[in-house]
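Look for subunit A in each of the two complexes below; its partner is subunit B in the first and subunit C in the second.
Moving on, here comes the complex of A and B:
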């Protein structure tokens, strides 16, 4: 293997895959990244056995070949180099030489044969989604997934391809987000899968990269137990999470008839301040909803701190005192784009539903948060 | 310590009246009791060298050879009769006892249930007396050649009362009882030379030595640097002796010695005074080491409560209780046996005292707005924790620095938290630390109104066995005080609608079943339902070994741990914190 490239090109390519490399693994080869040169195309591949990310970049190929090198060392040296031309060659002893005008480095390498072979399984249906549209769906949901290994099905976003909409759902059992887009239709092909959070984060990262144009599309296909997202020069292949996603529709209330409208930023900054004095573990705040105002308060019984703020609101129903985890509220507000938002409430122990004051065209975004039952 | 006793050479038969005032009772129930009585007599006789010879755990032979005053022929015979004593004469003397023996019944009692060979010589005599007595009947009195002192050999204890002989335990067990008894004397009488032979083997030979040396000789070298000296003669009760550091405590009551005027005594109330001074620095199921000598005007105490003379009655027990307790806690505090948990953070140290949390960063506040930012809680100062003056100074520096978080905190093996403190390092077991926090909070919550409860989006339906269901019913009111909302669902099925706000996400599904299981396991040994529930709950909902913690989480855990009543031990008695001092590290790296 022998090729030349520039530090910036090489480093950018590496950034697209490096995120998949497991930080802790019992299989050392997984700490390596696979380099494969074919003519003027260099393919970089990394995997943690669940997810595989691979990207292609243009280089000046001299001699075809392949090897795997420790991703961390490669990343570290590239990061420290200025944008200079690089020459990479693999010697007979299996060391990868990295030459710059001034420097010369050798990286230990292992042959491609040691690396797990990635068989990209045949998948049904090939769909195309707008780049920013997928990016938005992921961004709006991924924050609400569970990180708890005891409930694996909640550790990913539920992708639902329905006849007349594409839906993403995430929940950790205390809150839930549902976003649907009706512009995307899978009229011929309907399927639902749970996509692991890590894969989604990798996709998001790639979608943000400058090589992805505003109007480019992601090819997206679903197999028996995997999904593939193909972007301009990168694909992310991931196993899906097995198991039954909870029947979330059943727990979304439809009789929340008390309507509260507040300014999003005002609420967020009040909650942020007041929560400084909430219990450091439960982050519990109390929202006292009254006619045209919400009082947000907190009290840290253990350490004696207290916080109080009143913001104006639109509300004219019976007063309610509702407890919430401030972090859940803040997370949700961060992912709302309208200036005002609307809460639909029922009582102080039932789920609250939150909508942006106006939906985007073809979109339906809903968030739900379970309250904390306050002491009697 | 001086062994104060009156030497009275003439043995008097106690008057009828006096005899009645001394409650009769069995003195001798096992070989160890014989050894005790004989030793007391030898010590009362002013001996400075005592040899104990045992065969078969004392069942075949208990012989004590001393170099004390000895007895003349007449006294030797009298001593073996009931209620003969040379130590008190009148009822008033009974209230002014300086000797170990005074009841005049021990030798007679022993004589009646064994074969005794008594050989005794006084200083005045050149020849000694030999008395053989068999089941209380004098067989033979003769003159022998002798050196000053007395030798009493008690053979075949209970040979004539087979029923009682049957109650004796194995030779080994009886031997251990004797060892135990001997240690009470050998620790205290450090100027006396003691030798013990068992089945012709020399077991120990203690030469006269300083109190502190004798103590270690008897207890074992591993207690070398593990005791703190006590000394207080500022009140009417003079207190001296030694108490163990926390690593000298034991799972059994073994090393606890309390003496009153040279007599080993057993007193629950004073024991409590000592143990409670340790508070929570040792686990509940461990017993601190103590060897404490009380000296008190004999008139303020009644030792004649029981024939064994081990129980005493004080006229001012409550006063002595509090004096003793405060002396012990002062000694513990001044010895710094609790490390100063002062964390080193670059140049600034942060004290882990209650109230640290109130010094929260105030950034983000505009001065024109006024908020109630809560009262400063002044740190109360538990034993051994940093000086309040210090901590005040440090909190001021902290207020100036707008943000702090201990950075020198590390998690290893996803199981232990290590941190640097001024005096060295501490290692915290994350699971038991969290258990302690949750346990105390649970107990606290039982007393309070119901806490808040995180409602679940997907209520958890659980089917229980009838047994578990009935347990659940019993503990339900308390579970509600922990933050659970549980409703019946018909039959043995329940629905969990809400869980404690700080429960780790994902634990909801299994927690109830686990609590019930743990509760069942503890049901037999824990009587208090709440305590059991608090333990079961804390054990099952605490973070586990293997859970990865962020820096913030570790800091939170440490802060909360040190805000508990008992940060050193978990509710089950396992240690939470191990402290390794720089001194110890230096020692182990041979940097002296």
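Moving on, here comes the complex of A and C:
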């Protein structure tokens, strides 16, 4: 293997893949990244056996070949180099030489044969999604997934592809987000899968990269037990989470009739301040909803601190006291785009439903949050 | 208290007076398992001591009086004891069922010298409980505890500030809190056999060998212990375990035992209003190899259903297929007493079942544990073996009985 490239090009390519390398592994080869040169195309591949990310970049090829090198060392040396021309060659002893005009570095390599071969199954029914659109769907949901290994099905985002709607759902059992886009057309395609959080984070990161144009599309296909997202020069292949996603529709109440409208930023900054005095374990705050106002308060019984604020709101129903985890409220507000948001409430122990005051065209975004039972 | 469980038995059964009484597991003619909880001074003459395997005790003294113990009686005597102690100061820190620290600094003007107070305590214990107690008086907890052990039974040892170093110096290093089977050989390796030798070593040297706990050891050896007498320390963990009469591999029986352990554990934590985040399973195999497996939840819970499902899952993943099991234990830690709690979206069904727990608690707390039980547990074989329940408190230094 022999090629030349520039530091910036090579480093950018590596950034698209490196996130998949497991930080702790019992299989040392997974710490390596696979380099394969074919003519003027260099392919970089990394995997943790569940997820595989691969990207292509243009280089000046001299001699085809392949090897695997430790991802961390390669990343560390590239990061420290200025943007200079690089020449990479694999010697007969299996060392990868990285030459700059000032010096050279040798990386230990392992042959491609040692690297787990990931058979990326092609599956029929590719469909295309706008970059921005997929990026938004992931961003709006991924924060609400569970990290509890006891409930593996909640550790990813549930993708539902219906006739004229693409829907993503995430929940950790305490809050839930559902976003649907109806500008989606896939008549012969009705499927649902649970995509692991790590895969989605890798996709998001790749969608942000400058090589992804505003108007480019992601090709998306679902296989027997995997999904593939193909971007301009990169693909992310991931096993899906097996198991039945909970029947979330049943838990979304439709009889919450008390409507509260508040300014999002005002609520967020009040909650942030008041929650400084909440219990550090429960992060519990109390929202006392009254006619045209919400009092947000907290009390730390252990250390004796207290916080209180009142913000104005639109509300014309009976007063309610509801406890919430401040972090859940803040997470949710961070992912709302409109200036005002609307809560639909029922009582102090039932789910609250939150909507932006106006939905985007073709979009339906809903969040649900469960209260904390108040002591009194 | 002196030979507490055994002394209570001798008190309630005058015919045992003067005889070796051993409270603990059933010796079964020398084939029994488990350990000695306490034995009378007469039994100690045979070389029996607490924590000794019951089979070994039986070999030493086959004609001794072996009793399984009546935990509820001891607990009630313990409550009477703590009541008496609290008449002398409000600062009473129970260390175990029959030991406590008392801070009597504030009582001296009212009740007389420390020695007088100690004599009065011993007198009241003798008059009201018909038992004997040994007391150590010292400027700090560590020295007081050691002093109390030095002249049993019915002893009273006073160590004043200027006597501390001389008092501690000749004692073996194993008397230090935190020095046990693992640490003692390390001290021996460095030629330190007594507390005095440790006190005379350089602090830096000890810290280099043992790290932070080295500082703790060195301070104790020099009589430095500035911990207060704390009347209430929150629990750190709560556990329940069973040693089987004979090693078993019957999965049904093992599952039933886990169900029982979790039932008892959750009843205890709910009684004290604890909720837990970390759940631990402990398995000891026939060859004494011991394994623990833990899971930390995203939320605090006291729910039987949730904790049981975690324990079952841990047990399933432990994969004890074809292995004989000697002991099963369950524990919760990462505790919190905050009331209320995050309501979950999906656990409607569990929340319904949790209501049943609350009713079960009400009945059991009022009419006793046997008043009502889960149907599955009716024919559980080893329920009387549940003697090892522990609520571990956040304090260093075990209290040896």
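Assorted remarks:
Heads up, the rule we're going with is that the second predicted complex is superposed on the first by the 376 of 376 C-alpha atoms of A that agree within 3 Å, B and C clash if a C-alpha of one lies under 4 Å from a C-alpha of the other, contacts with A are read in each partner's own complex, and residues count from 1 in each chain.
Note that a residue touches a chain if its C-beta (ideal position, glycine included) is under 8 Å from a C-beta of that chain, and two chains touch if they have at least 3 such contacts.
As the structure is a prediction and not an experimental result, all values here were calculated from the model.
Model built by superposing both complexes on subunit A: subunit B and subunit C clash.
Of the two partner chains placed around the shared chain by superposition, subunit B and subunit C are both touched by A:146.
In the superposition on chain A, no contact is made by A:243 with either subunit B or subunit C. Legend: residue contacts after superposition of the two complexes on their common chain; A:28 is shown touching neither subunit B nor subunit C.
Once the two complexes are laid over each other on the shared chain, residue contacts for A:176 go to subunit B and to subunit C alike.
Once the two complexes are laid over each other on the shared chain, residue contacts for A:85 go to neither subunit B nor subunit C.
Touch criterion met: A:276 reaches subunit B, while subunit C stays clear of it. When the two structures are aligned on the shared chain, A:307 is found in touch with subunit B, with no touch to subunit C. With both structures placed on the common chain, the touch criterion links A:111 to neither subunit B nor subunit C. Contact with neither subunit B nor subunit C is seen for A:94 once the two complexes are overlaid on the shared chain. Residue by residue along subunit A, subunit B and subunit C are tallied for touches, and B comes out ahead.
Shared contact residues of subunit A, touching subunit B in one structure and subunit C in the other: 146-150, 171-176, 246, 248, 251, 279, 281-282, 284, 323, 325, 349, 351, 368, 370-375.
Contact residues on subunit A toward subunit B in their complex (touch as defined above): 146-151, 171-176, 246, 248, 251, 272-273, 276-277, 279-282, 284, 300, 302-308, 323, 325, 349-351, 368, 370-376. Listed in rising order, the residues of subunit C touching subunit A in the complex are 295, 297-300, 309-310, 313, 336, 338-348. Of all residues in subunit A, those touching subunit C in their complex are 146-150, 171-176, 246, 248, 251, 279, 281-282, 284, 301, 323, 325, 349, 351, 368, 370-375. Looking at the complex, you find that subunit B touches subunit A at residues 355, 357-358, 360, 364-365, 371-375, 377, 449-458, 485, 498, 501-502, 504-510, 556, 563.
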